[in-house]
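Should a chain be cited, it is by its letter among A, B, C and D, assigned in written order, with residues numbered from 1 in that chain.
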């Protein structure tokens, strides 16, 4: 039985961790930490837990004091908020899974350029593992500090990896047009996230400047063994959950849809959570699951390939992948606690 | 291990049965029957099952031929469609759980008046058990034909039972103003259920004529040992899932909110799936779970009590309660396969 | 040509005033005042006005200084924020239309009890007119301070007025179960109004305590010439706009649906904005219009009448009715600038 | 005063025509024709017109018989349904505005390849004008048969025209990733358009095969005086209205965002309905209006330009542009009846 602590438990990613771990047979949650709701009963914030979780949230200082009770610490905080806690936990031998952005980029310069913030724990950057489980399983097994991927990068890297691994597209031709539900914006009280501001509308945002760009580029570059720069445009969609990533690349040779589907099926043939489908993904078929659906078409008129992937941004794009990584890190069956199917409708 | 057959597996209630049974440790589904999708792979209708369920749907005749493979038959068809199949299954000793309306009303006249249809298996009406699990556990244990309650009645009867059981309100004062998500209308291709027709609007429908009325009255009458007639007004809300039932009654004596909350907590103190909360329910806190949240307030200015209950119409209001009833009927732990918490947001 | 000032122009009700007045042939808006966006261009807050309105918002002090430019002042602020400004405007002979709650209740005690706030301009309470246009046209014509009704009261009073005017129901039997879109909560950055908190859920709120209750009771009491107390339960529905009010009353005599429909048609026969329909209202058919649709059914089994009314909460429930009142106050054709039909879908 | 007939009046585009023409000062609608609702009162299909339009719908044969009453015929039918009616109307000197696809493509072969249907009025293809008003005003003035553009093409061509007109991008680099509300699918009773199937999900559809592709390519080719082939991927978004088109192109030279914004502002400087904004468009700011908002960014890291345009698919993408074209065809002020601002929220 693993003892677990969650910091940032009342944000949406944090709550999803609670949701998953509540039914994980090998986990016991020892504490729930929350900046805004310290000393408030967790089930007063999320009433779905009424009668199931009676704990009060603790603050981050108390969380630090109780590190000795746990084997692994999940951190679901905004970037820049947990350098100290992470360092402390690692020092005393506790594994850390960070759902935030602080340890995803290998380059300190890149971090500071895109996040506008000095990195305060650069010593960790080399050993931290970027935890896209399907692509990094070996490293994850041995790591102590796991940087859980962003939601857009998870959907996008899984969609593009087989193309780049097999050297099928021109690396300077990649365009990623991604769409996310509103939970991706977190549980912050801002005008832009109000129901009345998001409902019945779609917009692009962060055009050319979104912080998930360098993370996507870093990992695609590793896969292709080249220096990849992409155009990445995220959009906000009026739904709670889900990411759809529509990825475009120019094919180097003339392949048809069927050819490339075979390559994808082969690439992911051992994977439980990645499904290559004949059709085109819809987010509803993965909502509430840890799955990633991938479909594709070759546009023979332009010799482009269009790959579409769908995930639940809060699960495979955050808490689910974090638990998947925990399972790998601790030698537990990788799918344990994650074998639920999308809830439709 | 129970062997199970599902008829009407591609409707929303049927699909929810699949969703729940897929993870039920004591169940194996032997066949999925569907009128519209006979011979189509189940996962081609519901892609969330891609890679998990490879069966093709069969038609109802084939289902009848394969009754011998199963211990229990779930029927999730529109009313009037399964008289013959039910009779056949019972004859050969298979327990039947009907999610439709055909066996809910004890009175043949009532059935024919509200459903405009001749009942073709009246011999079963006496022995069929109305399966509101929390109120009928004893009878359910022994029954062979279980009439699974409607969604509105489930929410409403649970909300009002403690008041009537304790004789606290005037029985002619009951008004039920209920609200449902669109999945309650089923998966039929009709103009009125189109996204563009339902979204950004709320309406009342079936005012004074909704078929769940006699079912509510029948069961409330049993509880109060009197002949209860209610006003029941359902509304359609632009969301996929959830029912909120707002129930009004005039108190016989002067009780305050706290008094009545205590009575409710006591009434449901042994129940896993019914939670009495201090606040007022919201459907999101039960969405995706088999729970019913109940909250209430006494309006001291009018001496009315206002009880609000929330369920997921497809789970506690349909498939979840059906599985709960199956567990009871077969002596399995009542909560097995149903211990999931609402998915928020 | 009327010169108009708007205070609170960047809230949702304020913005709707702008939307309507922009196309009103007899109106020129002289200033837009906003607490949060003073000195910001109005079209930077609401980009739909880009290229149409180039004004910057001013603050409330500047608005006060520019009162002399205008004939009528619209105030769309939270309660308690405009006592001083109202007084000042009236002193210098400018008519005031207040979309807030400060001048709706005739009783100072009632105001202070329900709003928890001392009323700072009680001298105005007697002369202020409660502007439910259809019922108060004569008084509105002559008034200087118009208290524009709340959204729920507008829908509800219009629904119940014919019953009470004709003494058809027991006055102690009235139950109002109302449902509103999220714009009713205003444009405030609070967690409870986030997309992810409201979407895919319905809840009751302010049960027995909502501030629109005394306003409804005051006006129904006037109509019935008795002292009416009601049960009023508002609900939050995941849609931007619209209020549906479902009203219940016990009939004194035995009337059928047709009888009462005739009474309603007669009562509203001269009204452009109130339509008595044979069916049951849906908010989508009034969304974006100043109309109120009313439908009803007699429940002969219980001898109750169920009246359902639908309005757009931001138009007939706020800005539209305010402009309708302005038209009446200034002797302009009552429907001018308001003759638009609901936008569907 | 123009006399107008509408065929296909009960589809969403048809209803929008009614909505706009109802308030157009120079128009009188003589008949409403509907296949599914012939002989039904129009306001029984769309209750927002209750009390405003008392006409019954007629069928298409009756419409043909009454052509002599009108000056202009709007056709809002699925493709392939109005060849005969169009021919007949033109023969007797009535101008036709077709909101369908039958006369948009100049090439008969193209039509038959993409629509899988024989064109039955090829004689008209040369003289028919593709009515993207801002780009074809001169031809529209003189035409008798106007092919009203598709919704996606309207948004997309307006977004890309300045780039191609000024020869700024490589013509083989164009990728269009577009997103539409569900009303784009029309008012057909199909499973895929159900609330429960569309809500809380986003999907791509028609990948590489959508019928708006040749229309976009035809018009972009005209502007650039070259043969353009594009990748076009539409997506379905859970909202009623709105199209957002995100367009990507590789710049031929090094220009920055400001440079290109100036080119756009200049290109559209005389246009009332096209607004170049500094920010990035959201569909909510044009919903309910005939406007097109365009914003853009240069991605200096990849030397791509990303242009985003937003329209209301039912107005500028259908009925609004049709009326705009009618105004031009009949020498009426182009903006008449179309000067309404987006309804927010």
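What to note about this one:
The definition used in the following text is that contacts are C-beta pairs under 8 Å (C-beta built on N, C-alpha and C of every residue); 3 or more make two chains touch, one makes a residue touch a chain.
Since the structure is predicted, the reported quantities are computational estimates derived from the model, not experimental observations.
Between the contact lists of chain B and chain C, the overlap consists of A, D.
Between A-B and B-D, more C-beta contact pairs join the chains of A-B.
Taking the CA centroid of chain C as reference, the farthest chain centroid is that of A. Chain A and chain D have centres, each the mean of its CA atoms, that are 39 Å apart. With centres defined as mean CA coordinates, chain D is found 45 Å away from chain B.
Mean C-alpha positions place chain A and chain B at a centre distance of 36 Å. Contact of a single residue of chain A with at least two other chains is seen at positions 12, 183, 196-197, 199-200, 238-241, 282, 284, 345.
Across the interface of their complex, chain C is touched by residues 12, 182-183, 187, 189-191, 193-200, 238-240 of chain A.
Looking at the complex, you find that chain B touches chain C at residues 172, 175, 177, 179, 181, 196-197, 199-205, 207-208, 229-231, 233, 235, 237-242, 244, 246, 248, 280-284, 287, 297-302, 304, 306, 308, 345. Taken together, the chain C residues at the contact with chain D in this complex read 12, 15, 19, 22-23, 46-52, 183, 200, 240-241, 275, 277, 279, 282, 284-286, 288-289, 293, 339-345.
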